[in-house]
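In order of appearance the chains are A, B, C and D, and numbering begins at 1 in each one.
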Amino acid sequence: MKKIAVLTSGGDAPGMNAAIRAVVRTGLDKGLSVMGIQRGFSGLINGEIFEMDRRSVADIIHRGGTILRTARSEEFRTEAGQKKGVAILNAFGIDGLVVIGGDGSFHGGQALSKYGIKMVGIPGTIDNDIAYTDCTIGFDTAVNTVLDAINKLRDTSTSHERVSIVEVMGRNCGDIALYAGLAGGAESIIVPEKGYDINLLCKTILEGKLRGKMHNLIIVAEGVGGANEIASKIEEVTGIGARATILGHIQRGGSPTANDRILASRLGYRAVELLLEGKSARVVGVKDGKIIDEDIDEALAIKRSFDEKLYSIAEALSY
Amino acid sequence: MKKIAVLTSGGDAPGMNAAIRAVVRTGLDKGLSVMGIQRGFSGLINGEIFEMDRRSVADIIHRGGTILRTARSEEFRTEAGQKKGVAILNAFGIDGLVVIGGDGSFHGGQALSKYGIKMVGIPGTIDNDIAYTDCTIGFDTAVNTVLDAINKLRDTSTSHERVSIVEVMGRNCGDIALYAGLAGGAESIIVPEKGYDINLLCKTILEGKLRGKMHNLIIVAEGVGGANEIASKIEEVTGIGARATILGHIQRGGSPTANDRILASRLGYRAVELLLEGKSARVVGVKDGKIIDEDIDEALAIKRSFDEKLYSIAEALSY
Amino acid sequence: MKKIAVLTSGGDAPGMNAAIRAVVRTGLDKGLSVMGIQRGFSGLINGEIFEMDRRSVADIIHRGGTILRTARSEEFRTEAGQKKGVAILNAFGIDGLVVIGGDGSFHGGQALSKYGIKMVGIPGTIDNDIAYTDCTIGFDTAVNTVLDAINKLRDTSTSHERVSIVEVMGRNCGDIALYAGLAGGAESIIVPEKGYDINLLCKTILEGKLRGKMHNLIIVAEGVGGANEIASKIEEVTGIGARATILGHIQRGGSPTANDRILASRLGYRAVELLLEGKSARVVGVKDGKIIDEDIDEALAIKRSFDEKLYSIAEALSY
Amino acid sequence: MKKIAVLTSGGDAPGMNAAIRAVVRTGLDKGLSVMGIQRGFSGLINGEIFEMDRRSVADIIHRGGTILRTARSEEFRTEAGQKKGVAILNAFGIDGLVVIGGDGSFHGGQALSKYGIKMVGIPGTIDNDIAYTDCTIGFDTAVNTVLDAINKLRDTSTSHERVSIVEVMGRNCGDIALYAGLAGGAESIIVPEKGYDINLLCKTILEGKLRGKMHNLIIVAEGVGGANEIASKIEEVTGIGARATILGHIQRGGSPTANDRILASRLGYRAVELLLEGKSARVVGVKDGKIIDEDIDEALAIKRSFDEKLYSIAEALSY
């Protein structure tokens, strides 16, 4: 192993830059050359590859987004595209590849590894929807960003004694909703893993009003959606004003939290170690507080399990 | 003047609590009794009135929203409703009233003053759409909140090399868009006072791309609207990905900035001074850096003028 | 178990309010009466005890500090004081006590448990210096607060091309320094667990300058101290300007992060469960990502181990 | 006028980058060449001068510090040094110079203008200690940074029922203390323009305690200093715990507020306009809400006046 490369792919997540920095500096620290590939697999196919040194990753640990850019590539989904990627990597003399991204990006890396490319994946997505790891890079920041938005909405919702419905990201995973909902003291948390009953929701709101609640905050995960419809229904049934807010892409941005930077640093460091150990087709992550690595095929086959206990704690504390 | 009251009305704005605190503490400092009226004119009609002391407004200067709550009242738009309000104020022996809110709230206060109630208005709205004053309470905080959101969107929009269209509040006033757009380094600012040309917008984006711009941020004021349609059109014409974000109610919340707290303190203090000077039907504000007061009829008749110079500076600096 | 009480003791930490909220609401949810004790063991001795309901803990999850206040008590360190505490608890019919605080507070709880009081401890301190748990409530917030300060210092230190030395809290534990240093991209991290060599430090700075580093950030843990002396020495040896900043008590405050609120909610919930299970003299915590509980005597006997691996990652990534 | 240059000098301030951006882009927009001078007058003497284009100032509007760096120069205080600066400007064919900094920097610019260099100054300093302008670039950000620190200190000070003494920057000017103190609801504000009486301070604290105040926040301006001594004295006289915090250099950093970015944009734009109008030895600023310019000799001769009215409002609202 003499030369490695790193790319980011799929949706960006805060902390990706910290992971890039860790890969580059660890690689250099261990005597490797490190190349950066721009715009994910699309840039790989186009040969957008350049050498990185320590200064290339100076002053980026605190920045959201990814300095390597990211893009989606239709061409890379085809066998022809993947073979082109392999050819480019060989042309540049790259022995090992680090892929930072979500499960879509891992599938891309998996494809390359089938053609003999040594590859390690680092989970970077705000959605926390990758089952083999307790936590993905960007999740902690996204939860805190949602928390900040909730705080602001609570001010205005309390003043108007309205119900606030906030739709947050997470695709089919309810974790952003659950964590931000619990931490934000939301009255109800609606996630795809549990579903909801609009009648029960309205009953809870009316009971809360009787007990003197000045506001009612409902977090809805993207995987359930329909924040506007829920607001209308609540207003109709309870007679209490309700407003929906769909938080959108601000959840992807922002300076990463300490946690995301540290996780990214650990995982980036471990990814390079694995390549140096001659491993391939592995993904790194964190399990029970420990940095782990897992075979990529097995990792992608694991089903996510929802934290039922945490959900029930959130429920018990909410009213 | 022995007993005054204070209420907040209309949409809430960060800094309203600082204004309430200033009214209450200045009143007490000058030997008055101070009553709080809950839920604006609606609460006035219902007699939701309570005595306030120094501790009632302790630890609120940094809080968004309004501890007095706010509400809209259909009844108060009628003559009967207004007379009821007058009767309640008389029943409680209230000699002077401070109304904190936007122009709708000022019209309510104006109505009461026709019936002989001594009244002073304080401009509290994030929209900055009140012509006689350079600045309303809440505007500075809202602009900074939008700025924070823009920063986050820029991260993700840069990473994906997309166009971001952000729709911000302000009703028919483009000030939030203009100030946040200039401060956020937006490539284009679309305000109702100026309109826009979709072709020119697309041309600017394509030219920017040629010059190496990695992102394109467009701020659209609520008074123009249509962020989603603009995004679709841009994507269609330029072939560059575009995403719309409608910021929504988070713009109303949040801890007020230093500026908003100081402005609120100054205006609250001045409002009580005016009541003690025997004035009525006045509104306070800031003009050319000085605290001023103005007859409410004249104030409401002034037409807003848009800051053309600032808009042209924003344009010159944007590309 | 019919009536429980909760107190906070020692230095305050962000997230203590979230823990109080969790204890109160879990207790009520499970049919218990819940009492709040003000000012820690000092307030216990003085009988500053009041009944809490769901509203007592409304709107506090996002607040720093502790609504129950905290204090140090010399009297409670004596046998007489402890017996008085027991008598008061009995007088109020309190069957179980939750103590939120650091190891000093745990010793207080331990003393009460010797007299038969059923007691569970929750680790609340920014210092992260309690060995049996991976994480204490307040640590994550403190690290992020330091990170925010570091960001600000970096701006000015870069502009002046100076060395910044930042002294952070943590008593004899270097964790705040290590985590904030790694996450903040500090060039050097000085912790009591490792010590430092001033000559090596100066050499690193001079080498960094040669490689084009525009700033140099050194984090010093409280347990080492001497930030001002280090600054003088660096200036003298390297000829590069150096400024020391001692962050102080701002590290104890601020709205808790999502992580601290969730950890506090989990631990508060678990503490009440333990009391209901008839357990006593236990402390709750988190180990390998799981909520655990431990005998208080054993827990207090465990020696902290420093995360050598994380420290070496920080070193590898820093230059 | 064909070629202008810009430099930053003295202590850095948030918003300096926004001013640099405005100077560069306005210059280019009006057909000028624009050069950047690094490290202030020191860099001028050393010929650290490079051409800037639109991309040189991309993505900097939100960054604290100054991309042009800043430094102090002993040599430039001498006539020989100044003549060298003039020679360098002539050698580079620079017709006009924009100096961003505080009054020390203005004296440097003034010296150059005596030798015939066309020069305009922009006030950039957090201290707000320049008399001819109502506001300097960086002041609003610094006040909000102090406010954020105050919020955090209040949490912990309230929990411990202690007195917090916070020493803030501002050299001989009490504005940061006054604005942050009023906005932060400080119980006492100590500024060099007014002085203080330690006995009165202690009396106020004791009276506040009697009225149920849970915390006491005292802001001390740098120009008075002695926060630690004040804390000791208070503890001795009142018997209430007191803690001093000296905020230090974090006050210079951080992303500039909207206000500072807009002020910087306006002033940068105006500075270039003045050069194009053939003016020299002018300084720009804001007076009564309007952008103004003033002869540099006259401007530097104006004495600051303290805002007595605002100080008395702060006093009236504080207890």
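The rule is short, and it goes like this: a contact is a pair of C-beta atoms (placed from the backbone, for glycine too) under 8 Å apart; a residue touches a chain by one contact, two chains touch by 3 or more.
In this text the structure is predicted, and so the values were computed from the model without any measurement.
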- [ ] Give me the chains shared as neighbours by subunit B and subunit D.
- [x] none
Open item on the list: Between subunit A and subunit D, what distance separates the C-alpha centroids? Give it in angstrom.
Closed with: 40
Task: Distance from subunit C to subunit A - Cα centre to Cα centre, in angstrom - done: 28
Open item on the list: Measuring centre to centre with CA averages, how many angstrom lie between subunit A and subunit B?
Closed with: 35
Open item on the list: Give the residues of subunit A touching no fewer than two other chains, as numbers and ranges.
Closed with: 151
TODO: Determine the shape of the graph in which chains are vertices and touching pairs are edges (line, ring, star, complete, other).
DONE: ring
Open item on the list: Strictly by the criterion at the top, what is the full list of touching chain pairs?
Closed with: A-B, A-C, B-D, C-D
TODO: Give every residue of subunit A touching subunit C within the complex, in rising order.
DONE: 18, 21-22, 25-26, 29, 54-55, 58-59, 61-62, 134, 140, 143-144, 147, 151, 179-180, 182-185, 211-213, 255, 257-259, 261-262, 265-266, 269, 287-290, 310, 313-314, 316-317, 319
Open item on the list: Show me the residue ranges of subunit A that touch subunit B in the complex, using the header's touch definition.
Closed with: 8, 11-12, 14, 16, 63-66, 69-71, 145, 149, 151-161, 164, 214, 243, 245-246, 248-254
